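Both of the next two complexes hold chain A, though its partner changes from chain B to chain C.
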Partner chain A sequence: MSAAAPILDVRGLTVDFAAADGGTIRALHGIDLTLTPGETFALVGESGSGKSVTNLAIMGLLARNARVGGEVRLEGVGDLLALSSRAMGAVRGGQIAMIFQEPMTCLNPVQTVGAQIGEAVRRHRGGSRAQVQAAVIEALAEVEIPDPERRARAYPHELSGGMRQRVVIAMALACQPRILIADEPTTALDVTVQAQILRLLARLRRERGMAVLFITHSLAVVAEIADRVAVMYGGRIVEQARTAELFGHTRHPYTRGLLESLPVPAARGERRLRTMPGQVIDITRPPPGCAFGPRCALRIEPCDEAPIPFFPVTPDRASRCLRWAEL
Partner chain B sequence: MSRLLDVAGLTVDFRGQRQGWVKAPPVRALSDVALHVDSGEIVGIVGESGSGKTTLGRAILGLIRPTEGSIHFEGTPLVGAPPKQMRAVRRRLQAVFQDPTSSLNPSMTVGAAIAEALALHGIGTREERPARVAALLERVGLPASAAARYPRMLSGGQRQRVGIARALAVEPALIVADEAVSALDVSVQAGIVNLLSDLRDELGLAMLFVSHDLSLVGYFCDRVVVLYLGRVMESGPVDAIFAAPRHPYTRALIDAAPAIDPAQRSTATAPLRGDPPSPMAPPSGCVFRTRCPHAIARCAEVVPPLEGPAEGHRAACIRQDELTSANHQEFVPS
Partner chain C sequence: MSARLLLGRLAAAVPLLLGISLILFAVVHLAPGGPLDVYADNPSVTPAALERLAEAYGLKEPLPVQYAMWLKATVAGDWGYSIRTGRPVLTEVAERLGPTLMLAGAAAALAFVLAVALGTLAAARAGRWVDRVIDALTLGGLSLPSFWLALVLQYAFAVRLGWLPSAGMETIGASSFGDRLAHLALPATVLAIVNAASWTRYIRAGMIDVLSRDYIRTAYAKGMSERTVLLRHGLRNAIVPAISVIALDLAGLVSGAVITEAVFAWPGIGSLFVQSMDGRDYPVLMGVLLMGSAAVVLANIMADLVQAVLDPRLRDG
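Here is the complex of A and B:
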């Protein structure tokens, strides 16, 4: 897909959950994606599309009733799915770091933020007390926290939501990860603070040459931050492209439906928002053909017969729609 | 158009939290807020966390007692109104909240929940009510058979439709919708927004639409009131506010909203620095001055009055004329 060699290469990733009735429910149907150093790749989808399950499967963090198949190859390490839990523990927070929607879930409420970042620094880099302390201040300054010496002594509850997310980013970066997985990192933040955090992530990615896997429900955030994007629906990637190309001309009816359902001030009084008929796919009873078929205005008979392959549109993009060329 | 809702000088203080033996001073959640809604009008209330937008909605609904100021609904004063009078008003003034799951009784069928609203206000007889419930469900795009279902059997979007049907049951003139579509996926949100538009067009329903989503407000509302730290920063017609905001905070909000269209994306302006200050210690003078790229010494001294060139479009900024007029470039912070 891209010229540079991928740092992360996910092939045919599947996730099956054991169901209460003894059967299994397939949550992911073979995800393929690559991440190259220095790029931001976005996974975008609505609730239940499988975007967070993809993240958790890559990181080996799914519950025990989940069975994961396929390959997750990390450059220089090998298939993460084949690693022992101990080896995987070293990869997590070492080569791959994560940040989540709610920073408080990653922070210890009874420890100062400086102590928590210090712990991450000590574990991954070691050093004397003074060296760790200096690294902590430097980490806080790098995520643009004003007055870092004072903030290092603050407890999480003394900080605003935006400051807490910065602290979590500082912790994640303390171990110099090659990949940062950001799962809805700005969803809980106010829009002015979201803009700051998106800028911060873009700057850090550029300066460190890190790869970022950015998971979000917001197409507008994707447009702001991502180089490439994959749109998910019903546990599959339905369209993948460079961000500007996807928004310039979508090649999948689901992506088109999403874009037309977005309210934009310019459309006021001129058009109704587009709605998609029917309900979001029930993954316990997937249709035999296209997952989006039952809601799609372009559906034809072959759509219902068998799973739709991923058609290459150009070397850089693909669509899981039989009629992509007509879109 | 007739005046439905008139809010003037609304101030709400919350009791401060006790710190040990020390009694904390009250926290001012809203300060001297004025707004009005005419019949059939959709007025957006926009603001970030701590702006007071939810408090404003709750004060209008009579769920919070204001410290000062007045709220008139169809000419009737609501502040300090006796319960009997409030009940009559409530029939004309309804609410739809963000999370339909928490505002619906899980052990009551959808039909029973809607019929209860009818019964409380003595609308129709017991025999007539099932037909009314069915008509209301169909009005909000649900099958009449949904009446027999429990909330847990419905999706989030369907539950929000039930919440709207229940609000509509008593034939209100104004609905206060507090983040009514914020928790929904965009494809589901679009259906609810279209439904609310239809209700306005067909029933002449007015709405106070409280939201943090600026694009949605820009699409859906006729007028906007922008709140920051409990004060009105700017108010006016949607088109004027989006095309030519007069307050630096409104400008910053519009710039910060992520946009798909590269033409709408502003990479030139730096995002606002820092977070909104704590409402427990608001800045003196203009509450926005600590984050404002154009603040001058005088901003700390006076609370800027809400004023502007047109009665309909006003901003609380002492520099609004010099920042918006002739020298437009100056508005872009360096």
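Here is the complex of A and C:
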């Protein structure tokens, strides 16, 4: 879709979980996405839409009862799903780094933050003790942590949530990864800290030319940072577009529902917060046709008959809705 | 834990030990029979002589007075004299403490290594066959009575195979480090197996809990191998909750593994306890029991210390 050669090319990614009753539950139904250097690509969706499973599948971090299919091609490396666990260990943290939703719990409570960052540096860049220590201080300074020499000796519980998220970002970026996967990195933070972290991520991406895969449930965050966006529902991407286009004119009723549920200032006349009718689909019992069908106001008979293909709207965008042209 | 907190804990242990000593004193004296009963059926000991002995040992005083006398002397370092041997109680206990500490230390070290290895392995492969085998082994270790295990090992390795000595702490006249080690092997193994079985379960449970934490996923996301994640990130966190249990078991070992020491004739606190019990040797019994209580109280304080060393979040608490 983008002109530049992709650094990450995900094709037909499927994930099935072995269920307790011996069957399998399909959590991802063939995800296609590409990341080009320097861009921020947002995956947006409700809880259970499959966005976190997508990122864990790319990183090879799913639980043992998950079966992953399809291809995850990293430029210069090949299909990550075919790598040995040793080779994948070099990719993880080295080429693709990750930051998480819960800065309060994703750091080891019994190690200093300096030790935790240093461990990643030693693993991927090596060097003497002094070199590693210098890289740790530099990484902490780069995420704008004041007094990095002292902070490196602090334990996670001695830092605030915003500081911990900065530490997590420093840890991810200390090894100069080409791709950063950010899984709801600001959800657990309060709004002012959220804005600081988003600005920090935007600056680091700009300076380093990293590609960022940003996972969020917040369209407000998407509008602020993403170049392109894919909306997920029920384990599929239902709409994909440039961010401005998506917010300008959505081509999928689910996206429209999400946009309409955003709180708008009262001055625009509408006082009540709009909500989407119905419940998120139960992925253990997927409908044969459109996953969003049961909640959709535009549903017509063919919607329920077979899975909906991805219709190219323009070369840059696509929608999984039979009636995209009418929207 | 700061030094001030540690001093506070030690100070709090004093009234605790006083309370324990009071209860112990009462229980020991409530048990039927007395130290002079051995002589009761002896025709050459006259009732008048018994009277004099009771008088001399203070056995005619009311119990509270006996306790006050005992406490005053004990605090002053005079633990009395053994009724059975006539030697000072402190000497009796001190002599036995060395062998018991040696046995307890060897057993605990062995058990700890076993438990960490098996518990970590079981947790890392939870639900799979390795885990099930370890589960069966630990269940076996917990269910086997230690006297039975001791007798079986003694029969197999000392009697049938003749590889190891059957009892005692050293060969009289041929004592050496190797000889000590050979004598230590069987009793230490018995105690190690019994303790490792329960410790393994605690470490497995702690590890399974820890492995589901977010920071474990973070470590994998950094590219760490499973081995590094388990040993560097998992183990230290998983051991912390198990420390309290391990410390109490250690205190149990130090205050005398009564049955195992008896089976292997190990000259430790446990054997001393059995002998003193048989002879209603109040002063020695009180000494042994008090030392055991002190071991439990100290083990708890040690556990807090070790936990604070392992987990910085507990240091300021």
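The working rule: the second predicted complex is superposed on the first by the 319 of 327 C-alpha atoms of A that agree within 3 Å, B and C clash if a C-alpha of one lies under 4 Å from a C-alpha of the other, contacts with A are read in each partner's own complex, and residues count from 1 in each chain.
One rule holds for everything that comes next: a residue touches a chain if its C-beta (ideal position, glycine included) is under 8 Å from a C-beta of that chain, and two chains touch if they have at least 3 such contacts.
A quick note: this is a predicted structure, and the numbers were derived from the prediction, not measured.
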Most chain A residues touched (candidates chain B, chain C): B
Touching partner for A:Q279 - first (chain B), second (chain C), both, neither: first
Touched partner set for A:A87, first chain B, second chain C, both or neither: neither
Touched partner set for A:L61, first chain B, second chain C, both or neither: second
First, second, both or neither for A:A195, with chain B first and chain C second: first
Which superposed partner A:L219 touches (first chain B, second chain C, both, neither): first
Partner chain(s) touched by A:T105 [first = chain B, second = chain C, both, neither]: second
Which of chain B and chain C A:A134 touches, first, second, both or neither: neither
Chain B versus chain C as contact partner of A:A244, first or second or both or neither: first
In the complex, chain A residues that touch chain B: 46-47, 146, 160-163, 190-196, 198-199, 217-221, 223-224, 244, 247, 257-259, 261-265, 267-268, 272-276, 279-280
Chain B to chain A touching residues, read off their complex: 48-49, 155, 185-187, 189-191, 193-194, 197, 212-216, 218-220, 238-239, 242, 252-253, 255-262, 265, 271-276
List of chain A residues in touch with chain C within their complex: 59, 61, 85-86, 89-94, 97-98, 100, 102, 105-111, 119-120, 123-124, 155, 157, 168, 171
Residues of chain C that touch chain A when the two form their complex: 213-215, 217-226, 232-233, 236-237, 240, 310-313
